[in-house]
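Questions regarding the structure given below will be posed in turn.
The chains carry the letters A, B and C, assigned in the order they are written, with residues numbered from 1 in each.
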Amino acid sequence: MGFWLVCSPQEEASSPRLTCTALGTLATSTATGVVEAMQDKGTIIVGVTPPSHPQPLRVAFTAARTANYTPGTLDQPITFDQLHSNLGEMFNTNVGRFICPANGTYVFLFHILKLAVNVPLYVNLMRNDEVMVSAYANDGAPDHETASNHSILQLYQGDQVWLRLHRGSIYGSSWKYSTFSGFLLYQD
Amino acid sequence: MGFWLVCSPQEEASSPRLTCTALGTLATSTATGVVEAMQDKGTIIVGVTPPSHPQPLRVAFTAARTANYTPGTLDQPITFDQLHSNLGEMFNTNVGRFICPANGTYVFLFHILKLAVNVPLYVNLMRNDEVMVSAYANDGAPDHETASNHSILQLYQGDQVWLRLHRGSIYGSSWKYSTFSGFLLYQD
Amino acid sequence: MGFWLVCSPQEEASSPRLTCTALGTLATSTATGVVEAMQDKGTIIVGVTPPSHPQPLRVAFTAARTANYTPGTLDQPITFDQLHSNLGEMFNTNVGRFICPANGTYVFLFHILKLAVNVPLYVNLMRNDEVMVSAYANDGAPDHETASNHSILQLYQGDQVWLRLHRGSIYGSSWKYSTFSGFLLYQD
């Protein structure tokens, strides 16, 4: 991710003239700042690596739940036991919380399937202790039904985003009906 | 975001030879095109800022509705009263429309919760006056149920994207069950 | 997307001194490696195009189904007949499969509306032959109901992502209730 400048003096010139050609790109980034002086006929070769843009932060997770969950009390965090991805390692399945690593704009999505019982399911997407968006599912049969929603949030470093099971029971299965995802869209 | 080239002539050379070293990066972008010639021993220092990539456009909004909505006629726009984000300021909650600021690929998501009444809910995601995708929710109990869908759209500057309530009633609450989001994925 | 270095020897200098100025940016990328030597007074002009970051890969599709689908057997792929976008041309509607063009992190979303029949709908999001996440919809009325879910997946080039209709019937309509989307979030 750099380039070579090959510069040769024009031999007949009384004033210093260099003719330079930029060649390809360096094969690896290890050549940062490397300079080689090819002595023959005064030609110099300068290998320059332009300032690299810092590698943009990459943050993305999808967590899934494979076991039922029926907490005895209201407003419990939903935890997870599987991860399809956890780029940046900012989601902790055991506590069900994403911790924001850097200020920016993040997208969150969730789908939570209720147990086939006659209790409605209420899920809140929380930023710290504040309800951002919510989802509801009920089915009088009783049957399963999915509570889902999403939000794009401006987060500050250290903010915690999590799902709160306000009320109801979650159906878990190895087919992973209940999921929670987030990703960094734009870093500030 | 630039780099220094420090080039020194080799003193013993009869033909003009320069040996250059690339140093670090410039601390700020204010040094664009700045050149300093360090006179001592003919060494020159060139500070070059490569052409900056223009700051990529950032567009993202999540709007939510906290009040019920039962229009008397079909095919009304769904308006909103809360914003979780509105990067780029292209979503107008009062009219419920996103106006595309630049050609590109955009992602849209919506979740609209119906009132617990015996009228089905039909929602269309519109690009200008064209139905892109739709969602339906009904529950004979009667109960709430969510109409949701999404679409990735190629938009031109000025295109308007909005949700049309074809039929039905929306449940609003400070817990924000009914949401509409969009973001720029790739600018053309 | 390059820059000019205009370097002039200082005439009074006995040792070779060049004073360089970086000028603007090149109008087009066609100037890669072009060097022009302006003979007058030994000034050289070097037009350098920094190594371009390769144009980031852009992959995004939304497919929709406008016709009902009731396969006679379990576990059939869901095919589609409309595309709202297919950046990168990696989704094949006829077979309903996305083929990953490059290692990276991808986001997938789907919403599938069931027919108003008394058969539950089970949909699996598949990576090759493995169930990633699933969705369920049923409504005893019988009525329509949407099976939806999403996942962020780490994919390798050549991986195939598709929706499997484990069981049930899909409702199709020109209003496009049944959709499947994916996009590249971060390329490896």
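Here is the rule we use: contacts are C-beta pairs under 8 Å (C-beta built on N, C-alpha and C of every residue); 3 or more make two chains touch, one makes a residue touch a chain.
None of these values were measured; they are calculated from a predicted model.
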Contact graph of the chains (line, ring, star, complete, other): complete
Residue-number overlap at the chain A/chain C interface, same or different (half cut): different
Angle of rotation relating chain B to chain C [CA atoms, steps of 5 degrees]: 120
Whole-Å separation of chain centres (CA-atom averages), chain A against chain C: 16
Contacts with two or more other chains, residues of chain C listed in rising order: 16-18, 50, 109, 139-140, 145, 148
Residues of chain C that touch chain A when the two form their complex: 7, 9, 11, 16-18, 32-33, 35, 37, 39, 41-42, 44, 46, 48-51, 53, 105, 107, 109, 120, 124, 131-140, 145, 147-154, 185-186
Parts of chain A lying in touch with chain C, wherever the complex brings them together: 1-3, 5, 10, 13, 15-23, 25-26, 50, 53, 58, 60-62, 64, 84-85, 87, 109, 111, 113, 139-141, 143-146, 148, 173-177, 179, 181, 183
